[in-house]
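Below are structures written as structure tokens.
Both complexes shown next keep chain A, but they swap its partner, so chain B is in the first and chain C is in the second.
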Partner chain A sequence: MTKSSSQPYRIKGAGTLSRARTVQFTFDGKSYEGLEGDTLASALLANGVHLMGRSFKYHRPRGVMSAGVEEPSALMNITRDNARTNPNVRASVQELYDGMKAESQNRFPSLSFDVGAVNSLLSPAFVAGFYYKTFKWPAKAWDKLYEPFIRRAAGLGESPTEEDPDRYSNRFAHCDVLIIGGGAAGLMAAKTAAAKKQSVIICDENPKMGGWLLADSDVRIDGKSGAQWAADTVAELQAMDNVRVLTRTTGFGYFQQNMVALNERVTDHLSRPDPDLPRERMWQVRAKKVVIAQGSIERHMVFSGNDRPGVVLAGAAQMWLNQHGVAVGHTVGVYAACDTGYAAAFDLYEAGVNVAAIIDHRAEVSEDLLDQAKTHGIEVHTNANITSTSGRLRINGMTVETSNGETKEFEVDALLMAGGWTPSLHLSSQSRAKPAWDEATQRFLPGVSPQDCVNIGGCNGLDDLDAVFAEAIKAVGGKKTKIEITDDVSTAGGAIGIVGPEEHKGKAFVDFQNDVTAKDIKLAVREGMHSIEHVKRYTTNGMATDQGKLSNMHGLAIAAKLLGKSIPEVGLTTFRAPYTPTTFGSFVGHDRGSLFDPNRKTPIHDWAVEQGATFEPVSLWQRAWYFPKGDEDMHSAVDRECQTVRKAAGVFDASTLGKIEVVGPDAAAFMDKMYTNGWSKLKAGRAKYGIMCREDGFIYDDGVVGKLSDTRFHVTTTTGGAPRVLNHMEDYLQTEFPDMQVWLTSTTEQWATIAVQGPKAREIIEPLVSGANISDEKFPHMSVIECKVCGVPARLFRISFTGELGFEINVPAGYGRAVWEAVWDRAEPMGACAYGTEAMHVLRAEKGYIIVGQDTDGTVTPHDADLSWAVAKSKPDYVGKRGLQRPDLVADGRRQLVGLKTKDPNKVLEEGAQIVRDPEQAIPMKMIGFVTSSYWSGTLGQSIAMAVVEDGFNMMGKSLYVPMPDETIEVEVTGTVFYDPKGEKLNG
Partner chain B sequence: MLLIHCPYCEDDRPELEFSHAGQAHIVRPTDMDGLSDEEFEAMFFIRDNPKGIILERWRHSMGCGRFLNAVRHTVTDKFLKTYKAGQPRPTDKDIEDLLK
Partner chain C sequence: MADSITAERREIVAGFKFANNAVSIEAAPAASRTNLRATTAGAKSFGKSISLELPTIMHETASKAGRHALKLGPDEWLLIDTKNINDSMVPRLANKNFSAVDISHRNCAFVISGAGAANTLNTACPRDLSLAAFPVGTCSRTLFGKAEVVLYRTAKDTFRLECWRTFATYVRDYLMDGAKDAHI
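Moving on to the complex of A and B:
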């Protein structure tokens, strides 16, 4: 195969690509050759391939229509490997690389023969609102028939089956001027701002900057072609320190205070990407001024048969010719309502393509254009319309109704549509500017933005290059300079809505990606959809991945006409970020896997790892869950740990407990405000259990607080609660009690906390302690003292979360492991064990000690939790005092915390299980509470649970029921203290 | 993402450093016990939800840790002013001037 025959539509001498740099790729398994610099679409077109996909609903054959991001039809699956397979890639913008594997979508078994095309025959059934009308009854059909059908039919393409192996990075940037769009306007603005020494970022979604300068063969700027001027300007900008030029970078979201999000695609165009490069990079740019130079998008024409492969936008045909050197066909027709159709036709004519005829919808066309057509010998019909097209997998003919009503047939293998240009208002609207309707030119233009941004060039409705440059220079405060410009292209004219006959025999598509026709829009209006937002949702017009870049204006015009309203009265639907589809990967960035959240470890963590502990995550902490010995399972390990603590002793890493140092002359008074019980009268050297409420009276946190002196408290909080407790305290200290002399410091990570619990606890630690007498007499339960342990400054608590004699040794974190090992060296020979969080939970539950957040849920008061003893009655004020007196909180029948014993002692309840009074009642049963904590207690030889139950305190001894899917479990209501109710063990 | 001026740090900092802390200038009465149920409800539960200017509290939680007050426009999200906790509530006239 010779090169020329492999790319039969590549035109010699046209375009800017080098013929020598060929690239091999496959499409649907077949090998093709393209050129470096091609898009996938231009390479396929060079090979004469127009059929690139099947439409979503009717499975109609579709080709590529545009040369940009607005492409609705040519969506491909691009595969590198199983994990790197990207659906819905627009062939019009995907750069070709060597070895690319592209597959068409939405067809079976093949693109040219697709079984789903039968939908097209059934199309009368698939009208607007099809889903709402069809999937209504019978109700049973939902599960088995309708939902599976909709799920299979919904969405295009297939997701990769493996986790994304690529990296995505994230950068913040600041600049004086951010310019979005590197066409003529954007480049001139960048050049001007850069010359003024401003810091500039300019981005463009394409690999090459220049915008439509790359498609326009006639323009000359200072004697250079448009493409050359763009390339030279980019080189100039890249050489400057104050400018950052970002290609393949889409400004996709405009947020508050001139913060714009950019998505840079780093490797998607490379054959063999460097593994050190991220696939994409998200830029969050904060700019003093934003210059939007998004350009405009050409509209298609709405007429019957406007979707056949080979029917393309005129500007796209021009881009493929003048940038890629590719002709869209041998014999083309042109259907125009805008002057740009002529420019495209003339360019193709000059490249040797036969132009069958220009069909102009308008009656009045400039003499100059008609003269040029005449010179080229091109037939022009004004005030004429295309009424239908023919061809199955590619257009082969068009039928025209001329101004005098005659019908003419033309053979064509491609058809160019020039429906006029829609200024891109996406980012302007996202900046909260309201689009402003311009009656003279029948289009929306950017309105005034509340932010410091300005629209220039095509997106502001300009086409004349002189005016565009002047506007760009002015936008960044530059001085007008003399630039030699030759530019005779006019974008005058345009049409929105249906052109030609109102009623069509065939389908006149408005939205190609969602297969919405002009008839669908009309039907929606007739069926009562009078708001454009309703029309959009009922017909799905503009709701596909292209977000209606081609279709929205047409849909709006058709609906407005039928409603008898003007276009601005009906109004546009809202533009939202992202401008084009953006990968989740780029939003996630590095925040995944082990980098998703910090992983907090205690100073004793590595010791537990060495001992073979199993870990569980508790908030961000990794905590030792249990320490299995030999081939013990969790159940037997926990049983052993619990019973060892009760019989001998256990050592437990409690370092994750939240710790806050409350210091200052008013520390006690502040504690009186923050906790429900009193702290002023507590003696230094004593500790107390405290409950913290919110103002509404519900439990917020709890913990033991040691009073080290009259001005210093060592506060402990729940493991996950430390940050919010500190925030809560700071809030009151700073804003309600700002006159109090108190300082709060988080000390969670400064102290390692080693709990030694069990009858032998004192014997274990006593020889290690110096500077304190820890006898029962001198150091009773709930005491605290500053002393030394292993020679290290320590805060020693006599405290118990197990019901046994217990101590908690706090030492500076850096000594944590050394002190732990010293304790362990004494503990192990005495028959003690190390225990984990699961045993800790069982031991505390056997004693009825609650865990805030597990046994309480933000609707439980201290009284509900049977903790009235910890609520001061005489204190004049504390946070939550008034809330606790609210009528609902003092009413009878509140859910109260009780214990549950299962009738079958071996049956362990499920936490969260619901509780009912009468298991025989009809479903839905009245649920009167639920299980909050439930464990197997090896010590007691039975299952134990805690639960909140309506009026629970009055139900002691009564039977209740826990219905489960396979059985109903009978339980007896008890107190919450299952073990050593008199508390004698606390003293060893 | 918003930029918020911290009146303590005297710098514009990104929203990520701050946490929202509800409506501003709600005074916790010194005599909480004396509140009727209706007064407690009004004080603790009922909040403004205006379209336009709102006075609200923020905390520079990932910065200096201080609570501050802000005048924000709920439509544009624009911060018209921030000031230290404890400073007086801006008058209607102050707000009108800020809107100019």
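Moving on to the complex of A and C:
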């Protein structure tokens, strides 16, 4: 690697970095020196490097054009290490740090020789709407040819292939006034609001606040330079408790009710960042008032050859000179339609740069500027235009047509464009204000926002500093103060659309990143695109990562002129968040890995882990799925667990069951309304299976409910259903039954629930229970009692989800592990096992117990599920009663829940498989239902399944067919209870 | 005989402690808790039963002798007893004017304190935690990330955060992640 001689374009005495530390960096493998405080672009320019990238479509050589986020061309890949490689970083804003590795993009094999540039020669083929015109037919070519081709060609830069190791963080904040933009206007507003003791957040996307004051060498505010005034104001604000100053922070999204999202880049500018610090931090700010002080963006000029490296915006050249002390060239030309071109030219002249000529598109220019030019000996041509430029990898000349039609050639190594300033309406538009067209100045200004926000300064169309300050003070309700401003520079003038000759020999670029030329816009209009929304999509103008910050107004003006319409008639595209590209990491924030979602574990979880259980996620819970012993696979473990429960007993962690305590004098009346069956007559101390419907009559949830007293119910819900059931109940209680005196409390997490099921269940738990007689006589199936288990207050249920004698012990969660171990210590020696959710599923399926959400799907009524016995006929009303009377719900032939036995008992059906009546019918066959649950039942020695089948209840004993990819399986329709149909085992 | 067995009570994040230069985060010791839903009369009567007058204004709290009453909703209070941690506050007799449900084990708590306490919480809690908007003694049911929590400001720089027990590890890890940049 060669080392360049040190920064030949750095101007001694210019800018603010004269005492800055030198840093080393590489660009495309070559080492360079820059200064701390440089952007990557200013450092490269200091080294005389203008060529920084290749354009997207034509692979044209491009340099940096701007000193801000509007940069369309100088996009880089910045690499810290393999995992930290960021594509499409704008060199114009990326701060330089020691050891930075930057690479240009979209070129092969090298930036100065790129084979893709052949596209430029083929450009007559790559016209507007190219993709729409070309990739139409044949349809077959789409998969194999067009899509892969477009995918390869689409997108700039390469995504990193490794997981992002950086941290991203989030902060919610509130304030009285949020000020977005720390230029002259924003700083003055902050200073004023802070003095009024308001809580203030001010943010700016740049490392230093000051905005364009930093580029201005002339202005004096109360005798200070603009940059000094800004620095002093920032220091003043930082010292105040009620102000938060956020630099490197972009206000990128403006949402409802003054919620504004800011993206703070915390470490991207650091050489060796502290690993504990987030790379970026998202601020979600809720502000009473928002002050938008986004400023304005300078436009380029649309003329032939306006994209060569070395052609830059005038304001940018001024910023590089006055901030970074870098000259864009030795001999510069200026093409202006705005006074900014003069200010830049004069600054460069004073720094010792040769100004070849100022070419002003305007016929009228202020005498003052012309006089100053004369004083400096700078040649000015008014009413003149640049018709073309020359130079391959950097501009080396410009051709000018003067007002009297003469052609003049100039040798230049840089060209400044001053096309005027476009107010930034991005956030104003996001706040739902409609842009308002100002005919006099030919620009859109912010309209009235429905939210409490105000636009000040450049983004509100002001450029006179006196007026800007007055507006800023007024915006936050401050008192007028006298501020002495001298030598304010004019930014008057501007042009939109094509300047100079209408027809260009070469390419006059409107959108640099997407390579959209003036010709493309015209073609789109000629081909029938009359709205800017269509022109934009047809040409891709404004659709690149810079979102048309430079190109939108030009595109609009060209289309409007050709259509003979005014600009507002052609329209302005809407601005949407984000204002500038924002990383995914910033949106994700903390929510990744273990913080993505809560991972809920029961109090018995760790015991199951110690026993080697395999787990399955059920909603946010982790549940023990099965407990393999030795080298058992899932199948044999589940088989063993099921048969052990049936022969001896099993212990099961049912803590995830949803639990709701329903308390109050109207508790039973409320339960009568929420469930399909009756609760008023149920005796205290008894439990009952309940079904809950939605208003439409379909099953919503189910569970066993224990009546602890006349005014207190212990309701259980499905594991996944707990939150929605509580919401459903609370919703009805508040809106439909507000007269009822009853309250709901979620108690899911209060209780650990230990199910002990099987012939030996009573024997296992009896010695642990005190304060209750749990004999079959005193404590029959479907009972509940408050007692003590292991000395701990407990709610003991006699219930079964297996068909065996069963108990469910509820103890306060903190005791769950201890009580479980006490149960286990008795259960294990008696030949019982711990079983998981899979065995639980098999055991309940053998008994035909449904699982809501598996055997029902929101279109199954209690009658469809063969649960008519749980629907009260005499109750005057309950949620779902009227729904169940709808004609389609009482019609014959609905899909009904039945059992299926395969003809070959060893064949286990696939859950979700479709069922047909006649396998010989032509494809597509008529599907009459599908399998909802299917298992191998070791106890029965055959496969069992449940299914919903059209008119299923009338098909008992009939054969149906389940066509699978490799075979058709014959099944017999049966009832759903496969095991102990009389239920004798429940009552042991 | 079974009465004599006293099972061990295990708190989900018992003994957890974390501190950096901006904030300290600790698991609060076990407590007794009750969820109270009540009419105005019911609240008065329940308050008498635990010798603590319940606050009547939303988000306000009352404390006495280790007992805290947090008004979370128009008819809802969270009662925390940090002294008699194994005694239920639910009266034996039902009262038609309130519902008292023991939730001692449903919740667990963290104490977050230090100059960066509010910043740490604002990592994932969208509430305005400035002293002006959320003064000492204020409580609120709110969100911390994806977890529903109750926040209770016990001092200028100290918050008690109550969450459901299975959300505790998530909340703990999130708090520690948020603490990393609480100083800036």
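One rule holds in what follows: the second predicted complex is superposed on the first by the 948 of 988 C-alpha atoms of A that agree within 3 Å, B and C clash if a C-alpha of one lies under 4 Å from a C-alpha of the other, contacts with A are read in each partner's own complex, and residues count from 1 in each chain.
Here is the rule we use: a residue touches a chain if its C-beta (ideal position, glycine included) is under 8 Å from a C-beta of that chain, and two chains touch if they have at least 3 such contacts.
Predicted, not measured: the structure shown is a model, and the values here were computed from it.
Between chain B (first) and chain C (second), which does A:K289 come into contact with in this model arrangement: first, second, both, or neither?
neither
Determine, under the contact definition given at the top, whether A:K760 touches first (chain B), second (chain C), both, or neither.
neither
Pick one for A:T735: touches chain B only (first), chain C only (second), both, or neither.
In the superposed model, A:T735 contacts chain B only, not chain C.
Is A:R646 in contact with chain B, with chain C, with both, or with neither (first, second, both, neither)?
neither
Once chain A of both complexes is superposed, is A:R886 in touch with chain B (first), chain C (second), both, or neither?
A:R886 contacts chain B only, not chain C.
Using the superposition on chain A described above, determine whether A:K536 touches chain B (first), chain C (second), both, or neither.
neither
Could you tell me if A:H841 is touching chain B, chain C, both of them or neither one (first, second, both, neither)?
In the superposition, A:H841 contacts neither chain B nor chain C.
Which one hits more chain A residues, chain B or chain C?
On the superposition, C touches more of the residues of chain A.
Which of the two partners, first being chain B and second being chain C, lies in contact with A:R894: first, second, both, or neither?
neither
Does the superposition put A:R432 against chain B (first), chain C (second), both, or neither?
A:R432 contacts chain B only, not chain C.
Same chain A residues contacting chain B and chain C, which ones?
Residues 284, 286, which sit in both footprints.
Taking the touch rule as given, give the residues of chain A at its contact with chain C in the complex, in rising order.
Its residues touching chain C are 167, 169-174, 199, 266, 276-278, 281, 284, 286, 590-591, 594-595, 597-603, 620-621, 661, 663-665, 709, 711-712, 741-751, 767-771, 788-793, 811-815, 817-819, 822.
Residue numbers of chain A touching chain B in their complex, please.
255-257, 259, 284, 286, 432, 450, 695-696, 727, 730-731, 734-736, 738, 876-877, 881-883, 886-887
Could you please specify the touching residues of chain B with respect to chain A in the complex?
1-3, 19, 21, 28, 30, 32-33, 35, 37, 40, 44, 57, 59, 61, 65-67, 76-78, 85-86
Going by the contact rule set out above, which residues of chain C touch chain A in the complex?
Counting only chain C, the residues touching chain A are 1-12, 30, 35, 37-39, 75, 88, 94, 96-107, 119, 122-128, 130, 133, 145-147, 164-167, 169-170, 173-174, 177-178, 180-181, 184.
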